[in-house]
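The next part holds the structures, each set out as structure tokens.
Two complexes follow with subunit A in common, the first pairing it with subunit B and the second with subunit C.
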Partner chain A sequence: MQKTVTTRQLIFILVISVLTLKVLFLPNVLATNIGRDGYIFLFFMLFMDFLVLLMLLYLMNKYKDKTFYEMLESMVGKIGAKIIMFLLFLYFLTRCWTRFQTSFIYLNENLYTSFDWYIFAFPILIVVVFCVMQGIKAFARLSEFFVPVIIFGFLVAFIVGVVRADFTNALPFLENGLNFMLSSHKYSLWFGDYLILILFFGRVKMDKKFNLKVILSMLSLILIIATFYAVFYFTYNYNTVCHINAISDIMQFLPSVSDIGSFDWILILIWDIALFLDLTLNTFAAVFAFSQVFTKKGSAIVATIILLVILLINYLLNFNVFMSMLIFRDYLWYYNVLVQGGIPLLLFIIGLCKRRKKDEVPVAQ
Partner chain B sequence: MKYLWHNKILLVILILFVVMFPVAISLPQQSRSENIVTAIGIDKSGEEYEVSLQYLIPYAGSSQDALKCASMKGRTVGEAIEKFNLDFGKVSGFAHCRVVVFNDEASDGNLTEVLDYLQRIKTNTNNIYLVNTKDSAKDLLASVQDLNSEFYVILSRDSVAGQHNHYQSLKSFGEYYDSILGPVKCIAINNIDLENNQGTGTSGSSNGAEGGGGNSSGESSSSSSDSSQGGSSGGSGSSSGDSQSSSGGDASKSSKIKNDGKLIIIKDSKRLITLSPEESDNLNWFNADVKDMTLQITDFTDEIYKNVDITFDISKRYSKIETYFKDGSPRYKLKLSVNATIIEVIEDEITKVEFVPINNLFSNKLKVFIAEKIKEKLKKAEENFKEYRYDVVDCYETFHKFNTREFKKYLDSLGDDEYFLDNIIFEYEVDIRQWD
Partner chain C sequence: MDNIIAEKRVLGIKKEFLDSPDIITKNIDLGKKKMSIIFIDELCNQEEINRSIIFPINRFIEKDFTLEELQDEIINFCNAEILEEKDIENKILRGFAVLFIDGDNRALGFNTVMYPGRGVEEPPTSTVISGPREGFTETLKINLSLIRKRLPSKNLKVEEIVVGRRTKTRVNLVYFNDIVDIKVVDEIKKKLSNYDIDGVMDSYYLVKFLENKPNSIFRQVGNCEKPDIACAKILEGRVVILVDGTPIALTIPYIMFEDFQSSNDYYSDAHRVSILRIIRVLGLFISIFLPGMYIALQLYHYKVLPLKFLVTIVNTTQNLPLNPFLEIFFIIVLFDILFEASVRMPKYLGMAISIVGALILGDTAVKAGLVSPPGVMIVALSAITVYIIPNQSSQISLLRIVFAIIGGTLGFHGIILGMLFLIVYLCNFDSFSTPYLAPYTPYIKGDLKDFVLKDSLTTMTSRPESIPNKNKTRMIRKEKEDAKDSNN
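Moving on to the complex of A and B:
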């Protein structure tokens, strides 16, 4: 397997996957349902996701030269591997669906109040298919170019929020206890981002401090995202429930000078790029999973079919990300929890057991 | 062509261009399809709302854009605005809206209900100010000439008018919802009235409006507005419920915006009380954000002054709030540090024409006197909010944040949160510093 992605590129790709959706509608949803202590919940959920990252990193290190599918075959056999890949394909399909919807809603809310989604949908899908045709190496380079811009935009919003926020709004701390943790499954739509790593098994040029770099970067990101929620809530306090779009609304406090234009608009464009990259990334993963199960040829055709399916679902469900949210919350969470937590855990345990068997050989000898 | 076919990036760009460009150039000018609304007036009358929209008509090459005002009636605010859109053939765009003005009757009803349509529209309404007016929001908006007029200057927190005395009251949509969604559901909102000067030749108080003459003129103020509308549409606005007014009419020129610092207190979405300018001023002493206040003391005598009235400019104030429980009773301690400058001294008899050196201006007696005066104002404000049971000084929030358990016990002992202010003991510490 050719090593096409560097450690830095992998970290940037993970940043896209983890960060993009968390700072849009999720803070409002958490503020409505959990309120002041939502940042603790968010930190907890991100940390649970981080454990999945650790499991996948372990497997990546162990099966350095194997793709994810090859690793699966060696672990659970061909049929088991195909079943898992099919489950993952469905999982990434739903992720593409939500990202596509979010991307549209985000543009519709911020830039175009009357925006025909056909005009939005087809050009963006053409570009996504085009990106998939170029391969993951090209996407990794693309992320290397755009992620610093995305991080810059995010940090500007973050700093604006920090300046405005009243941190005494954090009090009283855990007023209603930790009961909200029981409802964590309802928010599965926004998590399970590290599964995107299935694309990069056997493809990453791991440098000496590969694990450390990935772990530290992601831990920092987790802290920043949880703090971002806190800052957002502490800025608006009870009124947070009226602010649907966190990253755009927090920018309302930016003292803008008309001579240079309004920076919040620039941030909207930056975040639209982030959403596009996230959508492309998940399309990559869906195409990858699909092609392992059915055919390995014609990624462009597979991507086109996947995206047309998404369009159809959107058309049937009246193109509403909030309706999708309810579907995930009430029905798809079983599936999400199984894929997000169950599969990595299963593979991790199998990986550990295999190691033990190997270790046991010299003892038996 | 062959090159184009092989260069995929160029091909994709070309496809995008072909799809997007015709759509983009065929779109009409935004100003043809959208009204740029700068202010909204909501008058409730019985079960009906009259919504007035002040909108901007941009002229190319002109430095000053004209403001126009038109109104429409409906059973709800949303219905009136939708009717307005239909009538004008344009959508009302609120992205540049600075203020929502509503009359007493609207704030006497359910204000959250009145504002609901505006809160739900896609435009971010967070920074739109809310203003109450006694009689007619329509007349108030009709009297505004352009975006540089006094009305819009008052609405700027950076302006002297915005900072002076009224900072506490300039509340935005965001702040309103923050209060209404919070536990005390209380907020103080600015009140701006329209003062009718019938004789344009006289300056200032022609009809003694100060004493409430303007207040009784519900009819006269609306008739003055209608007469201005008569200039443009030739009829009274009340007949069809659809009236457009050019804001440059004669009668509107004779009306003056009156911002004397009155506040209305909204509790549970309804107007609880209207505070007089003096009561509002007392309340402002609780809020250190209020800048450039003035303070007057009368009949003061010390080693420097003899029977004088002194006016102070309060340039800066720093406040620190401590909440604690002592013997089971909640205590709210406000420590104020005030920078004061003498700006005027009025003596009954001029005994000596001499300006006292600045260093000697503040005797200890004077400092104590000022501090007592401020405490007196704070006490009066406290009595007022305890009497009417409104908390706009974040008393509940402060106890809730910093004395959570004890405060919860205290609330439980009361049975009803409504009475939480009754047993709170307010303590004041005022430190006066000379400032020049």
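Moving on to the complex of A and C:
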């Protein structure tokens, strides 16, 4: 397997996967359902995800030259590997669906007064398929090209928020106790981002401090995302529920003069790029999982089929975005939790056991 | 051997050249030895032939000598070589005077080439404020001498390849043997040998042979017209390709950012250069995206415009018969027509065309209410910025139209999608093992010293990593070395 992705590119891809939706619509969802202490919940969920990252990093280091599928084959056999890959395929298919829907809501809310589904869907389908055709190396470079811009845009919004936020709104602390933790499973749709690493097994040129770099950057990201929620809530307090697009709304506070106009639309465009990258990343993962189970040829065809399936689902749901979100929240969370937590944990345990067996060999000898 | 008669051989060759009147033959009878000389009138220096060849020979009447003696003792001409029969025709065509003597089937060739050609001048496309002003010419020998003059090193290797069945164009690959990655040289030779074309008129013919994706609108081979630039590229580990008959040298490998660098940048203050490079990058974005964004703003996203600007646009566009997309498209086409006409017109008419175009057509179109002043300004700005990066002007002009269409049909989202499409395409666009968008992506920290923000020359101690090479060290700071030695 050719090592085509650098450590820096991998970190940027993880940033895209983790950051994009967490600072866009999730703050509004958490503000509506949890409120003031949402940042504690967010921090907790991100930390749970972080444990998944650690497990996957362990496996990545252990099976340096193997792809994810090859690793699965060596752990659970061919049939087991195909079953897991199929589960992952369905998981990434649902993620593609959510990204697709989110993009549509985002554009409809922020950029266009009325936006036709077909005008939106087909150009995006063409560009995503084209990206998949170019391969993971080109996508990693594309991420490297844009993520610095995305991070810069986010930091501007973050700083603007910090300056405007009224931190006394943090009190009363835990006004509703920790009851909100009981409903954490219902937010699984918004998490499980590190599973995207299955694409990069055996493909990363690991630096000397590869693990440290990945872990530190992801920990910083978790802190920043949780703080961003806090800043967002402390800025608007009870009115936060009225602000759907966190990143754009917070930019309204940027000092601007009428001669220049508001800058938030620049951030809207930057986040359009982020959403696209996230969608393409998940399409890549879905194509990868599908290819391992069924056929290894024609990634462009597989990507087209996946995106057409998503369009068909939308068509069957009468393009009702909110209805599809409810289906997700109420029915698909079981499946999400199983795949997000269950599969990495299972593989991690098998990986550990294999290591112990290996360690025992020289003792027996 | 004795029955080989020089005069007959020369006549035979002249016949093979279809008895062209410019094929000159002359028989020299020295009593014991008879000989004949043949050359092409337009390609040779006749005065040199008379002075250095015929005159010395005539002093040896009634003496017998071999071809070797003639070369070494009688004619003291440094560019003389003994030719085998198979090489003779080719040499005559290359401007050699070829001398035959009775009894020998070989011949003696004299390099008396004197092509008509212009002298070394400043190239019109690469004018500079400071730095060398010499430019390449159409003569390969002069171009090579301009490089040799700057790089007097035994490691500078020149390899000659002949391309073109009929033109037999000489192509020289010039590189430093101890710096270049030999795989690049091998790949160039392999690619050039893949094609058997009848004629090569310009280096652009070879560009298409060398590109991985010849149908792409993006350049994959660099070019330059100045020897100082060519030498700098050779020092970075690139291969420079000189083609006889053209002043444009090709450089390989090529990265996109090269076109943002000018030779002036290396003879000016680094801070000033950084500002200029930022302007160039900004210019690229303006030239490609501005017309499309202006259309998208008017059609879909007028809410993002500041109020004062919006009022100005509404006031100037409300009575136009064309919608924003057609208006901008109309101005772009108008501008391109004027540009094409002014380039092709004789120089003295070019100025008149500019006046007609800018003042009469533009002004009248605005006054007639066909187009709006902001529209003209947007397209004019975009058109001017195209030439901030002259080497990419054709691609930028094309992309400008594409993004104008996308902006008109899909708005900002379409422009973003188009940009992503374009950049992912370029991300997968390697030229001779060199990533096209390096050093930005893949990120190469060391090479950023000569990226948008240029660092001082003293910090550039190593060659660019993005260009494959086997000798990384470009500069050693002696102060540091001395300090190390004293510590030891």
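As a convention for this text, the second predicted complex is superposed on the first by the 358 of 365 C-alpha atoms of A that agree within 3 Å, B and C clash if a C-alpha of one lies under 4 Å from a C-alpha of the other, contacts with A are read in each partner's own complex, and residues count from 1 in each chain.
Operating definition for what follows: a residue touches a chain if its C-beta (ideal position, glycine included) is under 8 Å from a C-beta of that chain, and two chains touch if they have at least 3 such contacts.
As the structure is a prediction and not an experimental result, all values here were calculated from the model.
J.: Of the partners subunit B and subunit C, which touch A:R141 in the superposed model: first, second, both, neither?
T.: The second partner, subunit C, only.
J.: Determine, under the contact definition given at the top, whether A:E109 touches first (subunit B), second (subunit C), both, or neither.
T.: A:E109 contacts subunit B only, not subunit C.
J.: As a test of reading the superposition: which chain, subunit B or subunit C, is in touch with more residues of subunit A?
T.: Of the two chains, more subunit A residues are contacted by C.
J.: State whether A:G177 touches subunit B only (first), subunit C only (second), both chains, or neither.
T.: neither
J.: Give one of first, second, both or neither to describe whether A:Q252 is in contact with subunit B, with subunit C, with both, or with none.
T.: first
J.: For A:T168, is the partner it touches subunit B (first), subunit C (second), both, or none of the two (neither)?
T.: In the superposition, A:T168 touches subunit B alone.
J.: Now for A:P123: first (subunit B), second (subunit C), both, or neither, which partner does it touch?
T.: both
J.: Determine where on subunit A the residues touched by subunit B overlap those touched by subunit C, and list them.
T.: 113, 119, 123, 126-127, 130
J.: In the complex formed with subunit B, which residues of subunit A make contact?
T.: The touching residues are 109, 113, 119, 122-123, 126-127, 130, 133, 168-169, 171-172, 175, 236-239, 241-243, 249, 252.
J.: Subunit A touches which residues of subunit C in the complex?
T.: That would be residues 300-301, 304-309, 410-414, 416-417, 420-421, 423-425, 427-428, 435, 437, 440-443 of subunit C.
J.: Could you list, by residue number, the parts of subunit B that touch subunit A in their complex?
T.: 8, 12, 15-16, 19-20, 23, 119, 122, 124, 126-127, 174-175, 177-179, 181-182, 400-402, 404
J.: Which subunit A residues qualify as touching subunit C in the complex?
T.: Its residues touching subunit C are 6, 8-9, 107, 111-113, 119-120, 123-124, 126-127, 130-131, 134-135, 137-139, 141-142, 144-146, 258-262, 265, 269, 272-273, 276.
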